[in-house]
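Each of the two complexes below includes chain A, the first together with chain B, the second together with chain C.
Coming up: the complex of A and B.
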């Protein structure tokens, strides 16, 4: 702890010495923002963090934009689009757009970007974001076609999210590492300084095209990595930061009681859930979780309302489905389980575990939530051997099927479609703990159908089967607290993306 | 009838060795303080189920982070509650068990290993000494915390793993000190005399050498016990030591850390108790050394 605080102090001194204005704010039109995690590479195709998404939306544009308030798709770099057939999309591109380095935007950039990212050999970090595209084809300078590998109804959603357009000439030369150090896009902000993982300075793009993102108002955005929440709060007290986000509920509560800060809370698509080894893949013998009564008992044992009200707070809600309710196809008419520890005990007794049993219990984040869950499980007789791992380690263990019980979360990459969550986990992939053939069949139909009504119908069937069999114990949705000075005006959106274009000074 | 002019008789009227020892003990404030604190904590740890006002595992999410009584809380939870609404005093009391158990057992394991190696090296010398010295150097070249972190990360944190790791890592100081002490006494006349009358090696080691170096051992035992307790707290703080929900002071500091700016007592209370225990053990060790050192005996 000593070393950590020493490091942060040193870092703060170093930044002060590096010439960061100590009290930059409204007076010199600079907004100071903190990132909690180090951003590994600014190139949005080569990082997988929330911070990366924030940078991506500020520096680059996609062909399409989804209005976060109305969920309506609007043209951004494309002005219109249409399906030529089930696997071909045609776009009319916006004319007169230039990249930050002066390179004009046209069909060549789209073709280059799509062909580059769709090629697995180029190693885009989150393959799911791009691997549904086969290639792009130039029709004329401002008309382009994207060919899909197979039917993919969520294509528009992905094109409005993670798929942003890169300048072909510059990217061919600079590559992902050059792009990470000196990013060039068409977005509302251009990057003027990058200290990898530490410090990013964004400057308003005065020549920004007439985009649905809106025109940037604040001249300079100064982003620093400050890993410790307490340091962030101390800095917002002292005035060296203007906006912090992902502030834990308890601290946000304390800050909201103070006059000088606005605390805004928005829900996110992240859903917390308990996964159980229903398929019996782990070495646990006998494996209680193969019995549906035990899985239902786990569902009944946890007081989700108490956890939401006291730990997550804000706009978090109890979730009954293995997907976020706003996602397309996430039908809410499913089997739900009330908090009823007596019923849980009765179900355990019925399954032959009247005296309970001991199981390993894994988690990778929110140790306090995991502890609270473990305590509820202990109360009905399920003793837990608690193990906290790094995300990558737990994911690997999960893929090998060695995890009997775990508290996990999934943010769906902010994609507003049930396929981003339920299909990710229940289609017999390595992370599928249920391996239910009926669910697989229903999801396969739902994922590839282009008829919205049919999709809803089949997602509904799959979700009913999953919740009835209690393969998971869906718990709650997450929320994010944004804390900023009263001089800043900002309304957060439910997709947990900081949108600098919508920030203004009061 | 005694003749008071006989100098031999006059000497006997002075205080007995027992009286002298008592005087030295009670005249040593550090020792008294250390002994008292360690004794009290040991009693608290042993009687934890009787003393603790609440179940340290009983969670109540509606009663989270209630302040301690001196910050406006109630006597229901004299030291407040933690981030899951568990009684802080009860967790502190059960945490004493974990700390003392880890400190005690780790010091015992490393004491047995280190003393055996050190005494053997010091007494036999030659190749035995060379091997032991080499092992000590190897051990000293490895940073304890780093090795402990790596092992715990691979095997997973649990009470048993932490005790075993610390016990198997902290023997270096025992070996160094015991070796040096043994070297000092092995050439003494009484050792030579014992060898001359044909005493067996174990006998010489146990009844000629050990009694004369055991005071050094006491100091090292206390030092290493305090060291082990601190290391356990550090490992638990990093999330690699004792796993929740087992109460551990290091874990309590870690869990309170995020709220340090607004609820500093969450960190201060377990931190202060940890500080007092480690200080007390060190004072006790210093005092015991002062009192039992052979040069003070006559």
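Coming up: the complex of A and C.
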């Protein structure tokens, strides 16, 4: 018995010594933040999550930077760039920049990074972020050329987004797993500790170059994964967290009413939409969605304003296009459909479905939104056999063309170019349920033209055709809530990326 | 005896692999692992490339055979999601889960057994009623709700305990109570029922008649016999706690093996799920085995059978 109590005491002491919880606060210049999802790998080329983008922007830099407020492109690791020809970009690099491990940044790093990520054998997770690049070539220590596989006008946008520069010597040795555990970049924050998926500590980079991102103000960013939103809220109440994000609308509403925290809401690029099997790929027979009148009826049947006001709230907006309005080329002058259930019924009757019909209806997230949509459809006579699936399972069915009607969403990876959305779905790929040749032709021109005016023109044509034919029912944009202590000063951006560099203490 | 143990161990391994084979087949039916791996936004070509890279295009039996062969050599492969060795990943998370499970079952036994005994000594008394109330409440209260209530009271209102995390022993107090409380009612009711039955038996009357002190009658004669089914139950509960503390781990942000299993299923991280299922089923088997040994020690009649 005596031994047992001694052992217990020792265990307790050992435990207490193992970790005294770091106190949040301005006093010790540490900002405590929660992630909801376990980030798989800090190496930004080997994760596909929002948390990964947040880390990427803090730890690494790209050649170019897009100002989130003005959407203007500025030099970051490059000081200038120019198109040599349609498929070659030349960059002058910034001198005097060093990586967190002391390695100097120069053309070798750019060449190594581009050649590494562009090689499909290296398995970068989101191939479309990098697969437009063929290779990179060093001209001199601070001049480098990137060769494209084919014309790709969105290159600048991608280079300001997911493509960041890695240290060649370190990355060659550490690889993606090593980089994930001990990340090294040129960014405003360096990583001092990683417990995979659970805990990340960032420290201000005092030697950060004169970047358009600005200089970091807060010394330490301590990020813990807290999967339960209610626990996150408890943590911010008890003072052990300073900032949480992606807070659901109802909870954010309550927190905002208490006036104890700052609750900020910003839209994201994610667009919710209904996809219909216009091409008749599914086994549904007869397939009402091959009739444009039925597709227009679906568009008229849903009260998108009511869904936005009551369910999404915040800065969400009704969307009329199969792209997010801020994206380059996402022309807003298109056919739009107002809420008109009578018109929907009339259109259905005209198409021979006066008594309505029954269809399978699939969704993978936001069950409440999907149920609202289903009830609007039921109201005009479209009876739904509602099926909620895991994302991967629904995706598989979508690709096989087995889904007559589904509620889907697309986040465009925060890429501010229409090609990241409309061209993903309407170019006769496995996810294309419209298969419209005219749309394909227009998008092909728009995607590869290097003349901005021509691009806008052809995206406009494609978008008008898509909306006129009502291949989709575009619904709304998403938003996210940020809740933080009054001692924190932060203005969220519309691309759902937490930017630690712009956070300060009040 | 040795032959008996070896036989049982062989059977245990067979059970573990049967479980793993069935789970492997079920996972296979649950969706395209390549699509899940590629994540949202992958193109059809990305998914096809992954399918070939990971060998999902091979027949299921071949894939299972591959996994089994490596697992037998202690190689559980690399997590698709974290890109880290599954063994490292699980070892790290299992520490938290084991600690939590041990604390939880200890808490449950230390509170439930005395309450059960007390309730049995004076059936229908106030203490029996309190014990009954506690057990009904324990069964009825979902652990996520109980956990949140504890957080609200002890972390926010009183500020005595940290709301979540695993940084110090203080972080484990609330999760232990929540996890242990859930296991308490069954243990308590079984102790009470066993004690009531035993206390009415002839040998207890004999013991009392020969003038044995009441404490000795209760603990040496009665409890030792009444506790046997409790030991078996506690073993199962322990297995349940190690594999099924998902809710508690999630609420208290503990990042244990249960939560890892749950998340890995959603991510279609097959190597991690497979390894965890194997480990969890081994736990059940080992604990049941230990319970048998313990029971054999408590009840000599079991030793010969």
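Here are some notes:
In this text, the second predicted complex is superposed on the first by the 485 of 506 C-alpha atoms of A that agree within 3 Å, B and C clash if a C-alpha of one lies under 4 Å from a C-alpha of the other, contacts with A are read in each partner's own complex, and residues count from 1 in each chain.
Everything below uses one rule, namely that a contact is a pair of C-beta atoms (placed from the backbone, for glycine too) under 8 Å apart; a residue touches a chain by one contact, two chains touch by 3 or more.
Being a predicted model, the structure only gives us computed values, none of them experimental.
After superposition onto chain A, the modelled positions of chain B and chain C are compatible, with room for both.
When both complexes are overlaid on chain A, the residue A:248 reaches chain B alone and has no touch with chain C. Of the two partner chains, chain C is the only one that A:176 touches; chain B does not reach it.
Counted by residues of chain A touched, the larger count belongs to C, out of chain B and chain C.
In the superposition on chain A, A:378 makes contact with chain B only, not with chain C.
Judged by the touch definition given at the top, the superposed model places A:413 against chain C, while chain B stays out of reach.
In the superposition on chain A, contact is made by A:429 with chain C only, not with chain B.
In the superposition on chain A, contact of A:234 is made with both chain B and chain C.
By the touch criterion defined above, A:388 lies against chain B but remains apart from chain C after alignment on the C-alpha atoms of chain A. Closest C-alpha contact of chain B with chain C, superposed model: 5 Å. Residues 230, 234 of chain A are contacted both by chain B in one complex and by chain C in the other.
Partner chain C is touched in their complex by these residues of chain A: 11-12, 15-16, 18-21, 38, 40-41, 46, 48-49, 120, 123, 125-128, 176-177, 180, 196-198, 224-228, 230-231, 234-235, 237-238, 240, 390-393, 395-396, 399, 410-411, 413, 424, 429-431.
Residues of chain C touching chain A in their complex: 30-33, 35-36, 38-47, 49, 53, 81-84, 89, 144, 148, 151-152, 155-156, 159, 162-165, 167-172, 250-253, 255, 259, 263, 266, 268. Partner chain B is touched in their complex by these residues of chain A: 1, 229-230, 233-234, 248, 250-251, 254, 303, 306-307, 309-311, 367-368, 371-372, 374-375, 378, 385-388. Per the touch definition, chain B reaches chain A in the complex via residues 57, 59, 61-62, 64-65, 83-85, 156, 237, 239, 243-245, 253, 255, 257-262.
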